[in-house]
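Can you read through this structure? Questions will come right after.
For reference, chains read A, B, C, D, E, F, G, H, I and J in written order, and residue numbers begin at 1 within each chain.
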Amino acid sequence: MNAPLDQILETFENPHPGRPYTVRIACPEFTSVCPKTGQPDFGTLVFTYVPGPKCVELKSLKLYLQQYRNLGIYYEDATNRILDDLVGLLSPRRMTLEAAFTARGGITTTVTATFEAER
Amino acid sequence: MNAPLDQILETFENPHPGRPYTVRIACPEFTSVCPKTGQPDFGTLVFTYVPGPKCVELKSLKLYLQQYRNLGIYYEDATNRILDDLVGLLSPRRMTLEAAFTARGGITTTVTATFEAER
Amino acid sequence: MNAPLDQILETFENPHPGRPYTVRIACPEFTSVCPKTGQPDFGTLVFTYVPGPKCVELKSLKLYLQQYRNLGIYYEDATNRILDDLVGLLSPRRMTLEAAFTARGGITTTVTATFEAER
Amino acid sequence: MNAPLDQILETFENPHPGRPYTVRIACPEFTSVCPKTGQPDFGTLVFTYVPGPKCVELKSLKLYLQQYRNLGIYYEDATNRILDDLVGLLSPRRMTLEAAFTARGGITTTVTATFEAER
Amino acid sequence: MNAPLDQILETFENPHPGRPYTVRIACPEFTSVCPKTGQPDFGTLVFTYVPGPKCVELKSLKLYLQQYRNLGIYYEDATNRILDDLVGLLSPRRMTLEAAFTARGGITTTVTATFEAER
Amino acid sequence: MNAPLDQILETFENPHPGRPYTVRIACPEFTSVCPKTGQPDFGTLVFTYVPGPKCVELKSLKLYLQQYRNLGIYYEDATNRILDDLVGLLSPRRMTLEAAFTARGGITTTVTATFEAER
Amino acid sequence: MNAPLDQILETFENPHPGRPYTVRIACPEFTSVCPKTGQPDFGTLVFTYVPGPKCVELKSLKLYLQQYRNLGIYYEDATNRILDDLVGLLSPRRMTLEAAFTARGGITTTVTATFEAER
Amino acid sequence: MNAPLDQILETFENPHPGRPYTVRIACPEFTSVCPKTGQPDFGTLVFTYVPGPKCVELKSLKLYLQQYRNLGIYYEDATNRILDDLVGLLSPRRMTLEAAFTARGGITTTVTATFEAER
Amino acid sequence: MNAPLDQILETFENPHPGRPYTVRIACPEFTSVCPKTGQPDFGTLVFTYVPGPKCVELKSLKLYLQQYRNLGIYYEDATNRILDDLVGLLSPRRMTLEAAFTARGGITTTVTATFEAER
Amino acid sequence: MNAPLDQILETFENPHPGRPYTVRIACPEFTSVCPKTGQPDFGTLVFTYVPGPKCVELKSLKLYLQQYRNLGIYYEDATNRILDDLVGLLSPRRMTLEAAFTARGGITTTVTATFEAER
């Protein structure tokens, strides 16, 4: 599914490419499906990135994340794949994705992954 | 609109220029208009700066920010432009502007930009 | 869809039918689809009921609510339909359903409906 | 301005007119202008109503409230006028509007008005 | 001091005298002086009233309360006197004043008084 | 198990039997076992009662509740049984037990039962 | 100890005896000793009363409560005795004392007693 | 008991071994027994680790922690032993275990231990 | 006014001059007057310092700050002057003063200044 | 009093002396007496330490702190003395004591002292 997913994402030119400022985007309405049990998972994704040449368009990000709604995928895998898709598209200077999932069996999991451009 | 905007801002002499102290100004009543949809945007701007020769006068800052009330402008652009206007006027030692906008489509965005004077 | 939905719900005998006690069940992971825009909606459903002859089995309630995951339905309609399904199944002495949906366009909606058995 | 304002509001048929359920709509992004000082005011409007034959459509409510963005009007007047507009349009069984404005001069004001249909 | 104090308070005509709506005014910056120790006291005053023919003008209320800044007066006395001044001026249908003072010697005091018009 | 359980509970004479005062006891460390899955359940029990001739001794209440640690029992049943045990022992004027269990499968359940002495 | 205790309490004339207003006094620094274990207990006492002819002087209330610092007494007894002492001294129209003690063995207890003058 | 305990824990292959991302797992339902008093202890365990070749499977972690339910063990010992078991199984790059136990005798204890792989 | 002000402040010998420990003093009841409008300002001052030879006596600090009650002074000036007075008196190893003022015109300002002794 | 005090404290062998882990102990029920006014003081002590050869036994720590219940001592002195007593007994690698006292005259004080073993 990787290929079609990143075709949904749109970008726009970074309006201030000379200054390394930070954009933080919180998406508390992420949902996917547990590949083992078929039960839905729910989480909050928080992207924090320093734009390179491009910024992500918010509505397309929302539609991109909705593609996971009925997809069976593990927490660790989803977090890393979404980060990879956005890094591949935006070439940011730096991007962190923190994915905090709701409790299952009394246990709560948060996965955090970071991409850092080589200098 | 950039030119008239910064004519509204007033300054006063930094009363303690020898000490690099910090001023933090929170403005939770910022509003502008989305250039794409024409819908109003709302946000909280927080300025944190170490004054150089001048400090910003608070009432004029409020009037300056009100100029954005009916202006169509994107988050990233507004944040960087406002920072530029204040840096140009005040020549601070350092200034950060954090602009936290309210949720749209379930997604919340915060843009943070920093100016640092060369030493 | 009404017919198949309530076949998923299971019940068990009220173990203390003589005492009018209260059961409160909070389901913060409800999601359905807006029939107008096709976008997902998210909400928290809170059931509060005084059992009659039967209690609702929690796992079946969870599976029942998951049937709405990809169903297009308005807030007011979903709240009243779910209440009707549960009342039909359980014949409670009293049941209230409060459905609090997340913000859309900066506006948050909560729908609350109550069934009261005739005495 | 009263006449054009209520032409913006749209309604839909109450899908469950037989049951007196409650709809609560919170709008934290209300802004108008102080008629005395010309300065913007900000507030959160919370509508709580028991629908009669009609419900208010949320997007049109949002557009209706935006008509106050550049209108000079006092707190007490705005609260009562908005309530009157909605009651005239929806003929609810009961409607309360609570309007909580942000602090001015260290003082915070909340105006609450209620309409109750005669029985 | 009672006489000059209430000359500072200004009123305006109730714009919706036919409807018994509620106005809540919170003033967290009240300060007076303890008549026993000469130390300053601090408190939050909250007025809740159903207007009769007149409403209190907010800026004049602020100036009126500032008259207590250097006045020696006990909690119970201040609360009742301020209520009396406002009731005398506004002839409300009902008015409650809740005055919550900050801790002294580890003890926190709140005084609440209510006026109800005879019917 | 009912018989041995209430032998653990101890009481003491109500020191002020003439006045109908209230005692509220919160026990956030309740745990039992789900009879279906064998998994542990966790909850907070809150007793609120108006003592009759006797009060419950706190340490014995703690030991009594620990008897449920490895017992398989449903929420509704545990709540009603514990209430029955205490009412049988204390003959209170009134007693409510609110049992709030932690989330399972994203769903949180609270059971509340009340005993009221006949007058 | 009852006799000497209430000699410490001082009163003053109710300055507005005609109006039944409420005084709420929170004392979060109460401490006594458990008569069984000799360990200190800690609690927050909240008095809420409608004054009759007299009000309690706050500093003397503080000194009165300090008399319990090294006294062995049970929760239920302390709450009722303190209420009795204050009622005997002040002849209030109504007085409630809520005493919330900190957790012991994971269990938290709050005792609430009320005096109501006969009418 | 050490040997059988770690046979319950299951692992799965780290799906993104090339990137040093972080997994945070919060388990608020840990309970064991005090070896001195025989009374149950309650705590929240938070694991934060950077996976090496393997990740811990969540359901098996839950079952592993349940083995402590009726085991007598001190706070400091439990924390270090659980960390050792997980490090031995997972060979993480880094792992911290923070164990926050509930109050006993008014005193709350948190034990935090860290393993760092040699580089 | 600078001269008389610091005559009010009293000090005592640092009882542990050999250890660089920290003292944090929060004063939420600071009030002065705006020199422009004559309106009162309110703020919370937080001092954090590592004592040198002397510590500040708390009651004298309270009296010192009360001298600003009716003094017209700007935020930035008050913060720096108070820091200077205390540094001059105490010769601390390090002292920070954070002064957080309440909102005016919807804008909140915090001024933070630090003194660091040369080594 | 220093000598008898530290005879109350008990220790036990650090069960994991090879790993520099942290123990945090919060004691919110500390009380002593102001040597100037004779009034009780209240505070929360938080110890954070990396054990050396020994750990402090919690019940003995509680009894040790109770020795201050009727002792007249200043904040700064109590904090440093308690730290010294524990460091002398435990020889920790590092220990911090943060003592946060409740407000007096509207002013709140926190004293923080640290011991660091020489390496």
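Throughout what follows, a residue touches a chain if its C-beta (ideal position, glycine included) is under 8 Å from a C-beta of that chain, and two chains touch if they have at least 3 such contacts.
The structure presented is a predicted model; accordingly, all values stated were derived computationally and were not measured.
Peer 1: Give me the set of chains touching chain H intersected with the set touching chain J.
Peer 2: Chains that touch both chain H and chain J, as defined above, are G.
Peer 1: Check every other chain and keep only those touching both chain D and chain E; list them.
Peer 2: Of all the chains present, those in contact with both chain D and chain E are I.
Peer 1: With a Cα-based fit, what is the angle in degrees between chain D and its identical partner chain G, given to the nearest 5?
Peer 2: C-alpha superposition angle, chain D on chain G: 145 degrees.
Peer 1: Do chain C and chain F face each other with the same patch, meaning over half of the contact numbers show up on both, or with different patches?
Peer 2: Here the answer is different, because the shared fraction of interface numbers falls below one half.
Peer 1: So how far apart, in whole Å, are chain A and chain H when each is placed at the average of its C-alpha atoms?
Peer 2: 29
Peer 1: Can you work out the whole-Å distance between the CA centroids of chain E and chain J?
Peer 2: A distance of 46 Å separates the two centres.
Peer 1: Chain D: which residues touch two or more other chains?
Peer 2: Touching at least two other chains: 28-29, 39, 42, 102, 104-106.
Peer 1: Can you give me every chain pair that touches, using the contact definition above?
Peer 2: Touching chain pairs, listed by label, come out as A-B, A-C, A-F, A-H, B-C, B-D, B-I, C-D, C-F, D-E, D-I, E-G, E-I, E-J, F-G, F-H, G-H, G-J, H-J, I-J.
Peer 1: Name, in rising order, each residue of chain B that touches chain C in their complex.
Peer 2: Per the stated touch rule, the residues are 39, 42, 102-106.
Peer 1: Considering the complex alone, what residue numbers of chain E touch chain I?
Peer 2: Touching chain I from chain E are residues 28-29, 31, 39-40, 42, 66, 69-70, 102.
Peer 1: In their shared complex, at which residues does chain A touch chain B?
Peer 2: 14-16, 19, 21-29, 51, 55, 58-59, 61-62
Peer 1: Chain I touches which residues of chain J in the complex?
Peer 2: 74, 76-77, 79-80, 104-115
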